[in-house]
Amino acid sequence: MICAKVYTPIDYLPIMIQSFVVLGFVVTTMIATHMLGPKRNTKQKLENFECGIEGMGNARSPFSVKYFVIAILFVLFDVEVIFLYPWAVNFKELGIQGFVGVVSFSALLLSGFGYLMLKGAFDWEK
Amino acid sequence: MFSIITIAITGVLLLYLGFLKNRWIYISVAITGLITALALSVFSWNSLETSFSNMLIIDNYAIAFNSVMIFATILIFLLAPHYFKGIEKNVPEIYALLMFSLAGACMVTSFDNLTMLFIGIETMSIPLYILAGSKKFSIRSNEASFKYFIFSSLATAIFLLGITLVYGMVGSFHVGDISNYFTITKEIPSILKVGIVLLVISFGFKIAAVPFHFWAPDVYEGSPTLITAFMATVVKIAGFAAFYKLLSTCFILVPDSWHHLILGLSVLSLIIGNLAAIKQKDVKRMLAYSSISHTGFMLFAILSFNSFSASSLLYYSFAYALSTIAAFGVLMVVKNHMSADGSVQAFEGLAKKNPILAIVMTISMLSMAGIPITAGFFAKYYIFVSAIQGGWLWIVIIGILAALVGVAYYLKLIIAMFAKTSETEKIVTSPLYITSLLVATVLILIAGVLPNLIISLI
Amino acid sequence: MDFNIYDFTSFTTWVHNALTSSMSPGWAMFVELAIVGVVFIAFYAVIGLYLVYAERKVCALIQNRKGPNRVGPFGLLQTIADLFKLLMKELIYIKNADKFLFNLAPFIVIIASFMAIAALPFAKGLHAIDLNIGIFYLFAVSSLGVIGILLAGWSSNSKYSLIGAIRSGAQVVSYELSVGLALLSIVIFSGSMQLSTIVESQANGWWIIKGHIPAIISFLIFLVASTAETNRGPFDLAEAESELTAGFHTEYSGIKFAFFFLAEYMNMFIVAAIAATVFLGGWMPFHIPGLDGMNHVMDYIPPFVWFMGKTAFIIFIMMWFKWTFPRLRIDQLLKLEWKYLLPLNLMNIVLIAFIVLMGWYIK
Amino acid sequence: MAFLFYLLSGIALLSALMVVLSKSPINSVIYLIVCFLSIAGHYILLNAQFLAVVHIIVYTGAIMVVFLFVIMLLNLNKTNEPHKSVLTKFMAVISGGMLFLVLIAAAKGVNEMIVAKEFDANIGLVANLGKVLYTDYMIPFEASSVLFLSAMIGAVMLGKKDKK
């Protein structure tokens, strides 16, 4: 780090106050719109939107497992990306040693990636 | 170090070779890789490797256990082609995952830093969660996978909490620093003791010691038998090696924090493991409980730290691994044959159907029971000697009683095999399969006759 | 007080001093931050509304129409009128919806986008939060929005919403990887994750020029991936009007719908601003070494204008995308990310690391 | 600072309790998110800024998304849990309570102890963390790639339909 600045937890105080402010804003708007808007509930209005057809049963049906595989793979690669950030920040100091370390780390992961490609994990099954 | 890398790279190689769809290619590559790893491991004997910024220490202790585990894996891999006959799906993946799990197991035995121990345990366990559920359409297999995952991750959480408390007091993950802390500090804070207790508990889960054993029978029964063989041997040995090393290097100076706990685990495992095993109808379940009772015996080594206990633990692991693999190997054939269930009745008349298998099973059962001229006898003998040297005579008496109870259910199986039956259809196996089983059997006998070969190693 | 449009540092210190002289330091800080928060909300609302207006105008331009032109001069007050209309609308609670989550979802979405805006460096000395992990902070906050989307889809108890939410979830998380890796490339170049440091490092040239080919690749990947991450066309299949009747916010009405809508446009602003900051030099003026005359003219334009101009340029490109390309299918979308963008990106990272090690870039 | 600590701890404990107590699994996920956010706040109080943000990205941004996916996938929208016997609940309360008591009792004496190592307030910054990770902890870092690889294979092996 080039900057001589000291980083302390106090840097994060604005985030907290910002979140309170925006929370306040959203809540106020919600309350305001409750007071302003009309309230005329009819049975038809409270139905789910179904293109004019009557709704049947529960809409929360199970869905394809493919999305789940995508989500799992995302977690794995996300962690890899996060591991790369501390390396990138220290890139020039770590030099060739860090480079070799990261390349050998990525090599295993990339070989896994190649395997996934060949296996057709990213192909959408019919 | 190189052997771990070899194992991991062989795993990656297997993944890609799987696309060739030729099972002989990938089995031969797997075996070649494992033999190379074993050779690399054996050749680094007596050359202490520590230069990994204090993360790994590959001393003779680690090399000995690694070699046993790699050897056990080779035997399991020799059984694999016959086991997976007819099932072509995901076989290379299963091989690769076994490799990765083995790599993790090798890290576990040679840790020098608690972070490395943690990563090793996870690398060892995560492939196993998947492997336990690798029979995708079997409900029992799914149940096994899920149970193993839940209990194992609970154990990991406990383990992490233990590490945290230790780190919080000691200020280091390094094994040397931790043992230094205990030599310097006279008054050990109670929270550190809680941390040690938590570590012991989590290892109790991993090695399936009573009362943390309840996952083991279901998982062993539900998983594919080949995976069960791997779990019962490699994973258990790795767990014991790490457990022994952790307590002997880090916490040897604070025995009062964990001694009673180990004592309780050991006695309970002996009693409950053996009594429950007698009642089992299913052979796989019986072997699961017998493995719990073996945990009780192996804990003797940890109970009595002395110059002899490490080598007695090694010998016991070796004997136990060989007999377990032989037993599971025979069980696999019997179970697959005519889609018989794994009950004791299925073994009736095995001596007629396939005499080699019957002999292999008999010797392995005798070894597990601890009958002389098999390795199992000296395994129990050395572990008892080690316990007596440590001053635990009354525990040894319980152990001997438990071993006598054990003989009952092992004999039940042997008697069933030599019983007469009307059904006399031959059971055929592949030559590779028989080779693996015979190697295990012969080694059981050799180790039983010449115990000094192994006991004098470390 | 000396108000300097080129450097806001003195302005912010003046505000700070004025407040600390009149009250205790703790309260001063609190009031200061509250003021900042309120200013941001105003900014947020104005930008959001005018982005909607801009979208409609750009769309009209491309489709050879006039767009909004009745309310106010050039239709400038149109979206404000829309806002008031939405405020006065009735909030409908669907019969089978999970009330708590149904209400919670828009909160999460809007808070996530609002938290991101505070970390942007608008001009020299003009940023609310300047963390040493600024890029990471943006990355973290933008990853929270997807939870709101998933909850919205699930709680509505409608098939359209559920399908839209799941598609959107898979899409957002997938493209987040590419966004993260594209930003990583500039972190390697500049050696810092602090946004102000990254901007300072571009004083002698923007990274897209200094980093030549790999930086351009990263920039393009970032553009595509961030368009997808904000669920905008041609990647808007999560809310495909023609097949999913607006996807995860099918059942929302009134101000809650407006929140989703606003957050979507603000997310577009945020990713455009990040792209402008990281790749195009943020508030740094355009300089060509040697041409002092031109550089002076460029310096004369205030940094704030530079920043907004670059952001507006990228926003325009993203709108152009939307109204030019047809919508993708979900399998094409995931294939694009996992089969093309991600491997390309990973190789690009290795290339950049190599180039930086060799020093083959303009320092 | 102390006030913030207690506030965050209170939120974390309360939301963690709600995770266990709430009937609907999706509400549990929401409380878990709140819990994670307050733990990220704790990291910030310790000046471990990088870890705080990583905690948010990985846990709230990634793992919770997977949780939500799973809950949607399994269609766990019924609020009735499988019935557990009173004995099980009783045992769970007893064993959990005992662990709690032991930890409390052990933690009571912590204040009087000598801290083994000086706390370096800057170690949690990304630059320092990166240096340590890529020098001292290189081996565990490399080893973790094997872990990721096996998880990757597992996801595909279990999640992908076998071709006929």
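As written, the chain order gives the labels A, B, C and D, with residue 1 at the start of each chain.
Keep this in mind: a contact is a pair of C-beta atoms (placed from the backbone, for glycine too) under 8 Å apart; a residue touches a chain by one contact, two chains touch by 3 or more.
A quick note: this is a predicted structure, and the numbers were derived from the prediction, not measured.
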By count of C-beta pairs in contact, the leading pair of chains: A-C
Nearest-to-centre chain - CA centroid comparison: D
Rounded Å distance between chain C and chain D, as computed from the means of their C-alpha atoms: 29
Distance from chain D to chain B - Cα centre to Cα centre, in angstrom: 30
Whole-Å gap between the CA centroids of chain A and chain B: 40
Whole-Å separation of chain centres (CA-atom averages), chain A against chain C: 15
Sites on chain C at which at least two other chains make contact: 131-132, 136, 154, 162, 166, 169, 173, 176, 193
For chain B, residues that touch 2 or more chains besides their own: 8, 12, 15
Contacts with 2+ other chains: residues of chain D: 49-50, 54, 57, 61-62, 65, 69, 72, 125-127, 135, 138, 146, 149, 151, 153
Residue numbers on chain B that touch chain A, as the complex places them: 8, 12, 15-16, 19
List of chain D residues in touch with chain C within their complex: 24, 26-27, 30, 33, 49-50, 53-54, 56-57, 60-62, 64-65, 68-69, 72, 125-127
Interface residues, chain A side, partner chain C - complex: 1-3, 5, 7, 11-15, 17-23, 25-26, 29-30, 32-34, 36-41, 45-51, 58-61, 63, 67, 70-71, 73-74, 77-78, 81-82, 84-85, 88-92, 95-96, 99, 102-103, 106, 110, 113, 117, 122-124
Chain D-touching residues of chain A, taken from the complex the two chains share: 1, 7-9, 11-12, 58, 60-63, 65-69, 71-76, 78-80, 82-83, 85-87, 89-90, 93-94, 97-98, 101-102, 104-106, 108-109, 111-113, 115-116, 119-121, 125
Partner chain A, residues of chain D touching it in the complex: 1, 44-47, 49-50, 54, 57-58, 61-63, 65-66, 69-70, 72-75, 77, 121-122, 125-127, 129-131, 133-135, 138, 141-142, 145-146, 148-149, 151-153, 155-156, 159-161
